[in-house]
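Here chain A shows up in two complexes: once beside chain B, once beside chain C.
Moving on to the complex of A and B:
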């Protein structure tokens, strides 16, 4: 592989040139055109630098300077999977769907690998994540091989489904770009619990296109728990029609660099979007949550609560934008981001943003940054609780607030365990 | 009653657009040739009889400016500015000191009268011999520096202030009289290459105010500068420098107006404040440049750089601004909190009506330990107005125990306007505490109904509610300005309701 010696954007473009006739759907002209368009966009824009406003606080230079290769062969041998949370799960290894590891029999909706469903995906692929939207979406479009194709028919309750993504370390830097298409018909429901694990020097660059039709509800829980060598850059594009709901809960705790970027558009009256999450970073890690909410229809509501906890020499970023268009009267938008700094070497950068063109709206945002409250610590210590335990209680209380609103017990349990596991690791490290 | 207030009441009906300062004074003026080049910079410097170091300083700024690009990140839209199609120097030509008001150019006097400056101050400002520095009866004295287009035309109460060792004069005069002070501080807060407009200002600034408050002195009266753009096709580039030495205290007011014209005029000012140990500077602005007409034609481009350095321990700089005028406002009065326990404050009301655009806010740089800052911003959008709060709170690693509180509220009147909030919070210090809140809403129907029920007209009801919305900021203004500002808010919103 000579291409692997090339780094950054040029390396990815070179591999696209080398692989384009072998990528899934290489014989479909529409997909070839889409990939070519994305390649042209990515060639023109490259990896975003800190001069780009949306990347002001997150530096991709370590990524842009490294050389990654796409995994060319299927991983053999046993794959360690996390314990099952639900009866149904779709498993992806290095971004490729593995029917042999998945359990999808009896699921009330269609869930399978995208590579096998390209014909059905044609009208939807690239509709929300256009090649010209974000450079990382372009990179994904150019090189994606597989992903979850989920289609919940109108009126169907799909129940609980797990999406497990495993990165298996081949001993050299590698990258994969799964493309997930999630579609819910009118009045459909589904709870998706996503777990990302694995290790190695890897770039995991998933793109989600989420389409929630009239009155449908998608609850999307995410646990990004890859090893501290992984770059996780995920971008979600969601479109929510009238009276539909998209709930996203993300726990980011693990990768060297996590970017959790969500673009949600409320396109019909009385649609709702909730985006909540907790992101944690310790020594040498960087976590970034960037959201953009587009209120494009009247009477919609959006709620966001994000928590950041930083230990060691780490950095946290929160950027959240709420756009209220002229026609989006009676919008109710709320956003809160709070950060807790546990170390003197941590840095938090926060940019909440409101852009409002309609007058009959109620929009607010809040941001707080600080250390653990000494008064609260003192209160607990005065009651005989040892310092470490008192700290743990306060950090837990702080983090758990982000997942309090999750109504599904299984999902809330899983998210809470992910939060607690991170804190336990900090205790072990200290 | 303050003169400015009287004017607002009496002249309100004169113009149809509601902008009462839109007159133009036909006065004999001296212009430098149109355009901008090194010769113009040299011309201005020569005209001001400046020392060589200042000319070099200007030329360096001009060289930097040529390499810079106009900032485009603000949420404002305007056609490209032709920097060569403007006069960079315009001054009233009067040479001999008049003996009485009768000899003063009547047009200049009329201007003062229209601006609401009473006769006694008019004499002082017009430089009538023997007018002395006694205030008009029954008024609290306010020392005024009036800047007409490019030059400071007069400063009142200089002698009274000099008794306390206070220097209050035009900056061009300070360059002659106190070159050591000017040289020591000029450009130390806003360097020549700070940004495009600051570089332009550094190259061609013509006048502005200079204030020095010596150690331990509490300035006995409000200091005030009155800025007026009068001539056509001119840009105004004033530069203000205020130094408060250890333990001193000063309150400074700034007001501004311009004639109504169809063309846009550029105002690119720089204000630098320096506060030493235990010093306090309070800087208040009521900005009422011509905002353009109801169709968005004309108006001032107000591209201003204002920054204060709290150099000393326990020093304090407080900015209060009421921004009602200008077609476009691009302005971020900032505080560099270097001294330990220093305090920065920013209180702002910005109104955009018709086609006005405002992109304004503040930057608070917390460098020293236990530094504190408070930001209260109230934005009101009506008509097609676009109002953006853009602010930065940066806490450095050494700012242990630093504290910031920010509140940004926006009010929307009508469905064609916009209100935006873009705060940046950057914290590198674990013991610092930062809080930010922002809300956007419109005037509640029940509030309006309550007022209407008690017999208030729709406009009065809106005025009352808007004043209530802005109360936290208006109460920070010195009394004279607070009254003027309240009226201005109401006038600025005329025609936006009902």
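Moving on to the complex of A and C:
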């Protein structure tokens, strides 16, 4: 059996063995050690099964059974890119940075491919990711080839930057594992708008290491819009220092399976983290948002609002853990997840989890699950609005509420279009 | 003209309307009065086509057309309007968007051209002024954060925009102070004319001081037990429903 046809964890490990002397940084002992360590972790644990608590509701068996191969050659030919949202964009094709497709001249900060910046990345790569607790981070560390290396120096406003990821179908199952390092110095600012598109039988397994220094603000909008053949499993590790803010808004609407996993740690006083999003699934799709928030310092605030819309036979998951450590007094935490089920065959699993060790905190959470409200529907229809249009208005209203908190106009516009595009596709399919 | 004959209906298997016969000729305003649980709201929901209200017998026609077989939106296009006792709040749906969508849906159903945003705003602002509504109410979510009076005025605004030939006002007076009541009544009275009829459903006579009906019907136990002129409302107010019930 060749490496390319071996399935599951064994297949990835075999490819790591075959590729390790050719991966970027293969001559750097520190990186080799990092990869070897991750490989050992992944070999020991493999893909998580549903017996693992954090994966109880999301089954990776279809993924573990497939035989993916990392594409070895650069894609050439024309790549269809989404319309530009900002003057600057970093484009990745199958996880590889493409300077030729990117537009980075004049950007006020450094943004480039990680593979060329490994020397500078050394102190930071692996500083936040936890391959020992997350097997997908181990898989990423073992096989990553490239990613976005973003460095906004202290005091600099980096403006608006797009991160575009395109998966180009090579006609056989393929996988890529980009590692993105986002670093903001003290008082720095940036808005990053990420779009993931493309198709094929694909595993897109990005890991982000996000380091927000004192008083810095990173706004990170994500639109995961790959085709319904794609497995999108992303893991974000964020560390937010005193008075810093990490603002994440994710729209997951497209892939066959999406896991949006975020680990955020508030490590200095008055740091803030906002994690919001809307995830949608239709027939045969699965969406999973799993967040873990670590309040490790006093006077920090966290806000989470997630909306899920499920149509057809689909499944949604929300798991949100908030840990408030003993020293994190005056924590202000809020978590809300709301699900709208448009079909009798849809299923949502919702698991909030609060662990509070400090005694002077304000922490609340809530969850709602329901179908479209019949009273609302009747009200609209009694005003002459046809049933299908009335339903569409109510679903749009549910989703648009999620983006109301986004203050950046460009980002809010892009997110709203992503939501509307998903809903329009449901209408076309119905 | 609304014509109801032998209408019976049930909710959750329980018969609520036990044979209603009622005619509201074009240009007239009729009132239906009755105690709680007499079937007043059921009648309004049956006529407007709400799910869960099952017609078991009889007919209802609007201008000669059978409305009971229609979807709620088709009834609206045919000229029927229900002002809700409890208008629904729709967070995330802008009031302006809602009003324009409804107006254009009804116009489309009636074979009229749709209004663009500017044309709509012009019409809406004119009607809102009559109802002492601020522009701000267009920008908010439908009925979200509206006071009881604002919600009812929003209902009357919808009626004024959709221009129905037959309006059913379901306890539109509930929760209104006297000033709001006058504004709402003025809004209804402004619609009165040869092409408009209304069925005003109310528990109290108070609203009928401001919207003076051509006829008053008393609904008790799912049947109309008495009909008369506007003076019947005063009689009921003075003597209570018990006297009518005993006499019937």
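By definition in this document, the second predicted complex is superposed on the first by the 429 of 430 C-alpha atoms of A that agree within 3 Å, B and C clash if a C-alpha of one lies under 4 Å from a C-alpha of the other, contacts with A are read in each partner's own complex, and residues count from 1 in each chain.
Here, contacts are C-beta pairs under 8 Å (C-beta built on N, C-alpha and C of every residue); 3 or more make two chains touch, one makes a residue touch a chain.
Remember, it's a predicted structure, so these values are computed and weren't measured experimentally.
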item	value
Combined model on chain A: chain C and chain B, fit or clash	fit
Vertex chain A, arms to chain B and chain C (CA centres, degrees, nearest 10)	70
Touched partner set for A:110, first chain B, second chain C, both or neither	neither
Which of chain B and chain C A:376 touches, first, second, both or neither	second
Of chain B and chain C, the chain that contacts the larger number of chain A residues	B
Touching partner for A:349 - first (chain B), second (chain C), both, neither	first
Which superposed partner A:400 touches (first chain B, second chain C, both, neither)	second
Which of chain B and chain C A:384 touches, first, second, both or neither	second
First (chain B), second (chain C), both or neither touched by A:303	neither
Superposed arrangement (fit on chain A Cα atoms) - minimum chain B/chain C Cα distance in Å	14
Chain B/chain C common contact set on chain A	none
Complex contacts: residues of chain A adjacent to chain C	373-376, 378-387, 389-390, 393-394, 396-398, 400-401
Residue ranges of chain C touching chain A (in the complex, touch as defined)	48-51, 71-73, 75-77, 82, 84, 87-88, 90-93, 97-98, 101-102, 105-106, 109, 141, 158, 162
Of all residues in chain A, those that touch chain B in their complex	53, 326, 329, 339, 341-344, 346-371
Contacting residues of chain B [partner chain A, same complex]	73, 397, 410, 412-442
